[in-house]
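Residue numbering begins at 1 within each chain, and the chains themselves are lettered A, B, C and D in the order written.
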Amino acid sequence: MRLYEFEGKQLFEKFKIPVGERHLAKSPDEVYRIVSGLRYPVVIKSQVLTGGRGKAGGIKTAEGANEARTNAEICFGLTIKGFPVESVLLEPRLDIKKEYYIGVTLDRANYKIVVIASGEGGVDIEETAADNPEKIVRKSLSIEEELFSFDALTIAKKTGIPSPLLKEGAAIIVNLYNLFRKYDAKLVEINPLVLTADDRLIAADARVSLDDDAVFRHPDLADMGIEKRHEEGEMTPREQQAAEWGIPYLDLDGDIGMFPGGAGFGIMGNDFIHYYGGKPANFMDSGGGPSPERIAKMLVLLDENPNVKAIFGARFGGISRCDDFARGVIMFLKDHGLSKSMVMRMTGNMWQEGVRIFEEAKQKDPELFKNIEAHGIETPIEEISKRAVELAKQEGGN
Amino acid sequence: MAILVDKNSKVMVQGITGGAGKFHTERMLAYGTNIVGGSTPGKGGQEVHGKPVFDTVAECVENTGADVSVIFLPARFVKEAAIEAVRAGIRFLVVVPEHIPIHDMLHVRREAVAHGATIIGGNTAGIISPGQANLGIMPDIAFKPGRVGTVSRSGSITYYVADTLTQSGYGETTCVGLGGDPVLGSTFDEILLKFEEDDATKAVVMCGEIGGVYEERATDAIRQMKTPVLAMIGGVYAPPGKRMGHAGAIVEGKMGTAQDKLDALAEAGAHPCKTFSDIPKTLAKLGV
Amino acid sequence: MRLYEFEGKQLFEKFKIPVGERHLAKSPDEVYRIVSGLRYPVVIKSQVLTGGRGKAGGIKTAEGANEARTNAEICFGLTIKGFPVESVLLEPRLDIKKEYYIGVTLDRANYKIVVIASGEGGVDIEETAADNPEKIVRKSLSIEEELFSFDALTIAKKTGIPSPLLKEGAAIIVNLYNLFRKYDAKLVEINPLVLTADDRLIAADARVSLDDDAVFRHPDLADMGIEKRHEEGEMTPREQQAAEWGIPYLDLDGDIGMFPGGAGFGIMGNDFIHYYGGKPANFMDSGGGPSPERIAKMLVLLDENPNVKAIFGARFGGISRCDDFARGVIMFLKDHGLSKSMVMRMTGNMWQEGVRIFEEAKQKDPELFKNIEAHGIETPIEEISKRAVELAKQEGGN
Amino acid sequence: MAILVDKNSKVMVQGITGGAGKFHTERMLAYGTNIVGGSTPGKGGQEVHGKPVFDTVAECVENTGADVSVIFLPARFVKEAAIEAVRAGIRFLVVVPEHIPIHDMLHVRREAVAHGATIIGGNTAGIISPGQANLGIMPDIAFKPGRVGTVSRSGSITYYVADTLTQSGYGETTCVGLGGDPVLGSTFDEILLKFEEDDATKAVVMCGEIGGVYEERATDAIRQMKTPVLAMIGGVYAPPGKRMGHAGAIVEGKMGTAQDKLDALAEAGAHPCKTFSDIPKTLAKLGV
């Protein structure tokens, strides 16, 4: 769960990380009202759950209230990487002497928490890391370890924070680390940490990502007004529909509707389609043991998608049984009807029963099954993938 | 014969009195898995499918000799349950639940290492040594005793690969599901090295996917191994995932794309497979 | 810093340890008002910072409001081990099926935290520990260790808490341990933890002692209304006076005024006086490097104490210098005058200078020094002790 | 020659730029103590009495070879300062401040043990190896090189005992102040065993007092020792202190009264002394 900058700064403040004066505004009028009481120039920062807002024109300055309103109007009109700007943060511009970078994140490969810092803060930190790795300070800690001031001070010193501010810099690093541990974070980042002309250290930005799976133990976030949120950019109407139905679904730019089993084969199946020259129209995860109703809904999403030329179906009956799967498909066929061509395969738990149910239903009502080529274990999944690509091509796909 | 579990493993179930615990205990027993008991705090003295329930893992270990455990509990209880297990002397632990808080898994991993225990999961379908023991939620239909080991992050891929090996007559020694959570109890390299020590395993198929860092960690192990390793990575054509900020990029560097993973593994000596049907072809070429 | 039962229960509640219904009352009238709304019998528990209130008659029950007021009047009239009763806690009496004991404390010898529990709760737990140590369950943990539910459950099980309540019992133990660590406690005790007739576990009493030296990092205690307090029983007027002056002082029942240096020799000097047949009238600690003003005040406390027959003085000049000490004594002699006999010794840092200052002042004004026998390093401290005992005897002491 | 510190010890001062730090650095230097530098975060690069100041202990150790440190900092900073010191390789640490939170001292002790370091204090007057090094706040006047070691909980008792030894011609090898806080960095037994290994120390005087548990812990060490131990305990006639509830009584049992302590020590083979003048008498009897 990624937090907005203004929420991150709320947490920073709670952990005594200096964040400076700031005001949240939700409309150009509110911006006008607030900036009238501020020192100019004022920075207007679009609040979105993604990086790169600077490059997208989401950060502007203003020398007066009218300019602020005009610039805020531009910000509120932006959609950055799919995220519409719904609020802006107003801050008197800092007089910057130098910018540092401080981050805490997970090193999953080594099961550690890593504190990262650099004297070269700002947007180009990744390049610095790649080109001048010696300019990046790292310290790995085990999850149960406290980060002590003396170690933080050593980190701060290596970034070049000047002597009189070392203790303050160390405290910021310790507090950021404590925030990371306290709130089950995946990432906390201050970029840049600004050294102002009057020698104060201020966190000019705040990036905080928490572990969704641990939010349950931080009810105080909700008290602070920080609620669980959907973190993706603006969803397509289909993605929205899928989300409402609780189905992990993503629109892609191809034409083969993917109707696979678990997430693992969901990803692998996409590759298979590509290997045989096709392009999937979506990613979808059935979840474990989907009900017939859910299976029917998954098919609705694909069949009603005009981009989809053909559907690729695969089911490996694990705990979920192929007979239930077959029943779900039939439910869809009866309630909704299939307008696209579909090739599919069932294997695993009860696949014969699944095939038998299909055969029986088809004998009763062949029309229902006219667009379906159903296979069992005898046909390898690669053949099914190939066939899906062929079908899409026949329907005028790429 | 197999790695991590076989017919002699004494298996217990943590959360045996819960719905999922009960259901899968029955399935695992039906497969012939040597389940000796289970634990649920406050329910000591009960029985599930004829097996004794204890209040703590330690009591179960003491009374039944259990050395392997499968966890069927809500994610928020996994941290304590896993630590309880390794402290009680469980040497191999299967963590089925998904969505375990990441920081919890860091604690769990640390305890496991400290106690010399192996953990797979969270969010694993489990592990199966065909004909001997089936731990977790995997269907038995795809599996048959044989001579190839598999290790995978995804349950569905495990089934497809095993099915391929079974259909092509190779069969499996053990199939290990590492799990789908972002931080896992075991990594590819650790499981690969266990296969390397198993005489019955003539080759290993490892299946990774886009994202994460565990595939890259496997390269050193593959270089050390005499047993050939076949590698499949899902997500070569997947849209790139989101990066964990600058810090993620700095820590994990170029790791994470499927092609990067495939390249790194191939360079270490693994045999890349694009589709399942490449697996028996490659095995045949290798003379397995 | 010891907490009152009602404060301890506030902390218990914060840590989800069940404490049951309770009401604090500060006068018999308030008791009358509150109990009118309660279920009878009601227990009236005197709130004092000491144990043994039950034996002292500080716990009473009442079957009605009038009886409650009468009994509360008795409680409010009590002074238990020097502590006057200023408030009482009113609780509907629990229907007790069984009593357990749970405590967490320090094992200083082994640098551990120890969790202690027993199925034999109640006032006789110490006897149980001495006579039937097998009935006491212990678990030692290192300060950085978490107490896990499974270990707590094992403890709970050994106390005999019945199966259906094991998880609840374990949670109480874990929470008590967490409270101990969170608040820098020296001791937290539930005695008894009651199993009620309707199978609930309730902490019927709460004993919490916190580390005074760590209270600074728990400002939330003050927010809860828990302030730093003087923990001793009622002080004598002299002890009160000493406390106001910041001098550690305790009245004893002898007749030799003790005017020693640091706390270490303060304790040892008491023994010396006893070895030679005398009895000290007080304990006192000069603190490190006392100022002349402080030294003068210490002497005022002794000289104005009618029980004091003679004064024993000793100063080992460490960081504090004997010349400063001598100046302090002279300041007292000039401003106040010494009415008792005093024998004293100076050694250590600048002792010759101290003796010289005395000689000089004595030559100027012999009358001032008529009651003082001042020695230097040449006289062993044992001789000084002996002499003090002699002087007291001469003045009619025991 | 001495234990824990001698003329070759390279001593640093944590908090050297503070009032107490500066004052006592000057005193310690005047005694001839080999002070090589100090540390105060954010004040690296300064000098105090001609000695370099560093931002961290690690930098001081790296640049000066310091192996011993004395802490002059407010109590609330001691935990981190002590952990910093032992992690930076300081092998012996003197904690002068008093009123250190007890839980902090438990952490400090744990780190010290893990790093093989020795800590005395909090609330210690320090340690002196007469003629060689004086660390802490002890006056030098009572001390003279000689052949008896002392270990005490109280500063003033240390002075009286040393004075007695000096006046009676025995002199001291090293005088150790354990400190007056309720939880201490070192215990009597640990210091006694160091004296046992020191050839120059012909006898040890240990001075305890009522309360606490560290005297009782010494009995095993005394039984092992060839070097005779003289024991004084203050507080035989002191009013009994308050007990730490039932739990305290259960954990610490009968420990804590001065007479109990004296009895336990005598039973272990220590020679009890009532007053200071008993010390030279006992030493003479023992032929020291």
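Please note the rule applied: a contact is a pair of C-beta atoms (placed from the backbone, for glycine too) under 8 Å apart; a residue touches a chain by one contact, two chains touch by 3 or more.
Quantities reported herein were computed from a predicted structural model and do not represent experimental measurements.
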item: Neighbouring chains shared between chain A and chain D, ordered by label; value: none
item: Centroid comparison with chain D (C-alpha atoms), farthest chain; value: A
item: Separation of chain B from chain D, taking each centre as the mean of its C-alpha atoms, in whole Å; value: 54
item: Centroid spacing, where centroids are CA-atom means, of chain C and chain D in whole angstrom; value: 27
item: Set of chain B residues in contact with two or more other chains; value: none
item: Residue numbers of chain C (touch at least two other chains); value: 144
item: Category of the chain touch graph - line, ring, star, complete, other; value: ring
item: Chains that touch, pairwise; value: A-B, A-D, B-C, C-D
item: Residues of chain B defined as touching chain C within the complex; value: 41-45, 55-58, 80, 83-84
item: List of chain C residues in touch with chain B within their complex; value: 148-150, 153-154, 157, 163-167, 170
item: Residue ranges of chain D touching chain C (in the complex, touch as defined); value: 75-76, 99-104, 106-107, 109-110, 125, 137-139, 141-142, 152-160, 163, 167, 180, 182-183, 187, 207, 209-210, 212-214, 216-217, 232, 234-239, 244-252, 255, 258, 274-277
item: Of chain C, residues touching chain D in the complex; value: 51, 101, 103-109, 111-114, 116, 125-126, 129, 136, 142-144, 181, 184, 186-187, 189, 191, 207, 209, 211-214, 216-217, 250, 252, 260-268, 270-275, 283, 288, 316-319, 347-349, 351, 377, 380-382, 385
